[in-house]
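Paired with chain B in one complex and with chain C in the other, chain A is shared by the two complexes that follow.
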Partner chain A sequence: MAAENISVIKVRNILMVTVPPDPDDETISALQEQVLRAMERYEAKGLVLDISTVEALDSFFARTVAETAQMVALMGGRTVIAGMRPSVAVTATQFGLTLGNALTALDMDRALDMLDEMRRERG
Partner chain B sequence: MKDQDKKKEQLLHKLEGSETEHKGTRETGAKLLQSEEILRMLIDGAKDYGIITLDPDGRVLTWNPGAERIKGYRAEEIIGQHFSRFYPREDIEQGKPERELKTAAAEGRFEDEGWRVRKDGSKFWANVIFSPLRDAQARLVGFSKITRDLTERYQAEEELKKHRDHLEELVKERTAELRAASLYSRSLIEASLDPLVTIGRDGKITDANAATGKATGIPRERLIGDDFANYFTEPEKAREGYNRAFTEGSVRDYPLTLKHVSGSTTHVLCNTSVYEDEAGEVKGVFAAARDVTEQKRTTEVIQRQAQEILEISTPVLQVWEGVLVAPLIGTLDSQRTQRFMERLLERIVETNSAVALVDITGVPTIDTQTAQHLIDTISAVRLLGAQVILTGVRPAIAQSLVHLGIDLSGITTRPSLAAGLQVAIDALGLQLIAGKKSSGREA
Partner chain C sequence: MVLSQGPDGRVAIESEGDIVDVRKAARGAAETLGFGVTDVTRIVTAASELARNVYLYASSGILQWRRLETGGKVGIELKFEDNGPGIADIEQAMKTGYSTGGGLGMGLPGAKRLMDEMELGSEVGKGTTVTVRKWLKR
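Let's turn to the complex of A and B:
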């Protein structure tokens, strides 16, 4: 069931994933699996995780996202987390949850801009 | 006593009868002798009765062993003596012995109970019956006197009386004590400014004090027997509190609103506990209601004002498209930080701003806690994908941050808002160039 909820979309060389509203641990693990497989298959340069529908963030979710960002980096891509809700950000801060070296963006547009920017800088 | 009299009368009657029947015969004398002998035996045998005869003046004519036993005189000592020596001095002075004889002579009988004196001077409580003795011509020839020693009975009665009096005294004292104690407790209950009520298991008021009458506007007599829940604006909630008192034993500070007949209301906090009878069985609940209307109003005002202060003290302004400025004024506590953080994050999302300038020029001092609050806020903003520039870091603030060992190295800081704005514009410039295609705006 978990896997069906997730669709990894590839636009040009960037992967885009919308995280379902209330993801369970299984879904999150499945998400990581699918993203990494897509990275391998498309040799993508970036990943945008849209979490604008997510209403609550737990430690497992935060850790998995941070790990995924690290794994994506090892496979040559940058990760941007986009659209975190203010309430989620507040809770995450209160519980001291961090997203590792994943970047954040206000929305999908800005996330894509950031990835473009970085590619250009790198040449 | 009366039986004795009767027996004697019967004997005398028999004596007279036999006299009439056998008049003039030889046997008569013998029979008479026999009767007198029987009578003598009877009188001598009556050990508990002093049976004596007196002459018309009161001198002792005959004396029986009973009289000797009771009074201590032997027959030969007392015969011929006046009977008044059996009386205490004060009775003699008052002429009691003579009076008794006179009454007996006049009325045919006299009975008395009182103190009499023995030979040894000791007193005994006596029952005395005088009867006049008359001859065939009805002339007074003397008196019969029957005496019983009732000292023991008298003493027992006296003792009993004393006990009874003592008991009555005790009961009186105890009643007075109880009344005083009850009055005291009642006066305390009535003196209470808080409405106090007791409620039975059926939910009916069993007692209420004056303050309750005042709070409801209904006299005590009408409150008693009525359902207590009727006097609250939320009867269901009142009943719930009442039931909780039964299950938990007591309930503290249960907020309710009392209704007054005039329609006005009183906010109260109820302290409720069950009370038991002597056998330990729960009889109902005792409830004390504290009027907190004033406190509640004050608290509401304070809360509203605090809210207003929170609102006005953390304005988040948009100074340019994509740039917010939040000037912080006053001390940051955790509650304020929380609200500030929420507001800033909301505004960032609303205005889609990538840069937020948080100005701390108006923050008087900074301590570890305040710094931590700021760091939390900045972390939260970063999670959203925006950037915070901390401005207004005056020399004094910079010093204390370093002295406190607070690491803000990952945060862009500037001494003034103007300098911070410059950073924002630079950042914006980069973004504007990058966003030229989508927004079409010129930098």
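Let's turn to the complex of A and C:
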């Protein structure tokens, strides 16, 4: 089974990725690889993962996202997870899933604001 | 691979991609029964974890789901069966953080929290059956 197409979009020095609604494991792993390659190629300072269309996340998804955030951090960037649906937040919390060091924001706009602010604070 | 669909149905779990089929089938069945979006998400997440366990530990197995109706209550039952190695210590397997498969040890206890009922039967060398149920709140 082929991984779904994932586009990593670069705007200024931020990478943006929209996660498909129901990704299989292969797609999630491919997403991680593409993000890390793009971090290097574009010398990006941050990553926004838009999960607003994701209808359910399980432990593999959460673990891979947490890992990706950590890898991005090692490469000098910050990760913001944007747009988690209320039903997904309720389920993830009851299930016991966490997203590690990743920051979270209600939507893409706020995620970009967060990364902007952090960059200004660091000068 | 989806074998049959509807209020009752079956999905064969033989590859990583079949976990997506399980999620789709569980979502379809739960929505048809009238579960709200948060309960649908709970059911889909639990189904995904249990299907992952089947694939991870037993390589293959089957999900059967059915509509339940008893004493005026309506619900859904998902039954995951495999002929894998079985679980030696069920009590341990139900503890968060315990895993023999290199996972995080969240699957079984997490799935139990998301559903209303869970039954786990296992025989070492024979296989494992996990049954979960969720009832519609009126």
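Here is the rule we go by: the second predicted complex is superposed on the first by the 119 of 123 C-alpha atoms of A that agree within 3 Å, B and C clash if a C-alpha of one lies under 4 Å from a C-alpha of the other, contacts with A are read in each partner's own complex, and residues count from 1 in each chain.
We take it that a contact is a pair of C-beta atoms (placed from the backbone, for glycine too) under 8 Å apart; a residue touches a chain by one contact, two chains touch by 3 or more.
What you see is a predicted model; the values in this text were computed from it and never measured.
A.B. asks: Identify whether chain B and chain C fit side by side or clash on chain A in the overlaid structures.
C.D. replies: With chain A as the common anchor, chain B and chain C both fit in the superposed model.
A.B. asks: Applying the document's definition of touch, where does A:66 land relative to chain B and chain C: first, second, both, or neither?
C.D. replies: neither
A.B. asks: Just to be sure I read the superposition right, which of the two partners does A:24 touch: chain B = first, chain C = second, or both, or neither?
C.D. replies: Touch status of A:24: second partner only.
A.B. asks: Given the touch rule stated above, what does A:117 touch, chain B (first), chain C (second), both, or neither?
C.D. replies: first
A.B. asks: Looking at the overlay, what does A:55 touch: chain B (first), chain C (second), both, or neither?
C.D. replies: The second partner, chain C, only.
A.B. asks: With the two structures laid over each other on chain A, which partner does A:109 touch: chain B (first), chain C (second), both, or neither?
C.D. replies: first
A.B. asks: Touch test for A:14: chain B only (first), chain C only (second), both, or neither?
C.D. replies: Touch partners of A:14: none, neither chain B nor chain C.
A.B. asks: Applying the document's definition of touch, where does A:95 land relative to chain B and chain C: first, second, both, or neither?
C.D. replies: A:95 sits against chain C, while chain B stays out of touch.
A.B. asks: When the two complexes are placed on top of each other via chain A, what is the minimal CA separation of chain B and chain C in Å?
C.D. replies: Between chain B and chain C, the shortest C-alpha distance works out to 5 Å.
A.B. asks: Does any part of chain A touch chain B in one structure and chain C in the other, and if so which residues?
C.D. replies: 85-88, 90, 92, 94
A.B. asks: Within their complex, state which residues of chain A touch chain B.
C.D. replies: Touching chain B from chain A are residues 80-90, 92-94, 98-99, 103-107, 109-111, 113, 116-117.
A.B. asks: List the residues on chain C that touch chain A in their complex, please.
C.D. replies: It comes out as residues 15-17, 19-20, 23-24, 27, 37-38, 40-42, 44-45, 48-49, 52, 96, 103-104, 106-107, 109-111, 113-114.
A.B. asks: Can you name the residues of chain B that touch chain A in the complex?
C.D. replies: Listed in rising order, the residues are 338, 341-342, 345-346, 348-349, 352-354, 376-377, 379-386, 430-431, 434-435, 438.
A.B. asks: Which residues of chain A touch chain C once you look at their complex with the stated criterion?
C.D. replies: It comes out as residues 1, 22, 24-26, 55-60, 63, 85-88, 90-92, 94-97.
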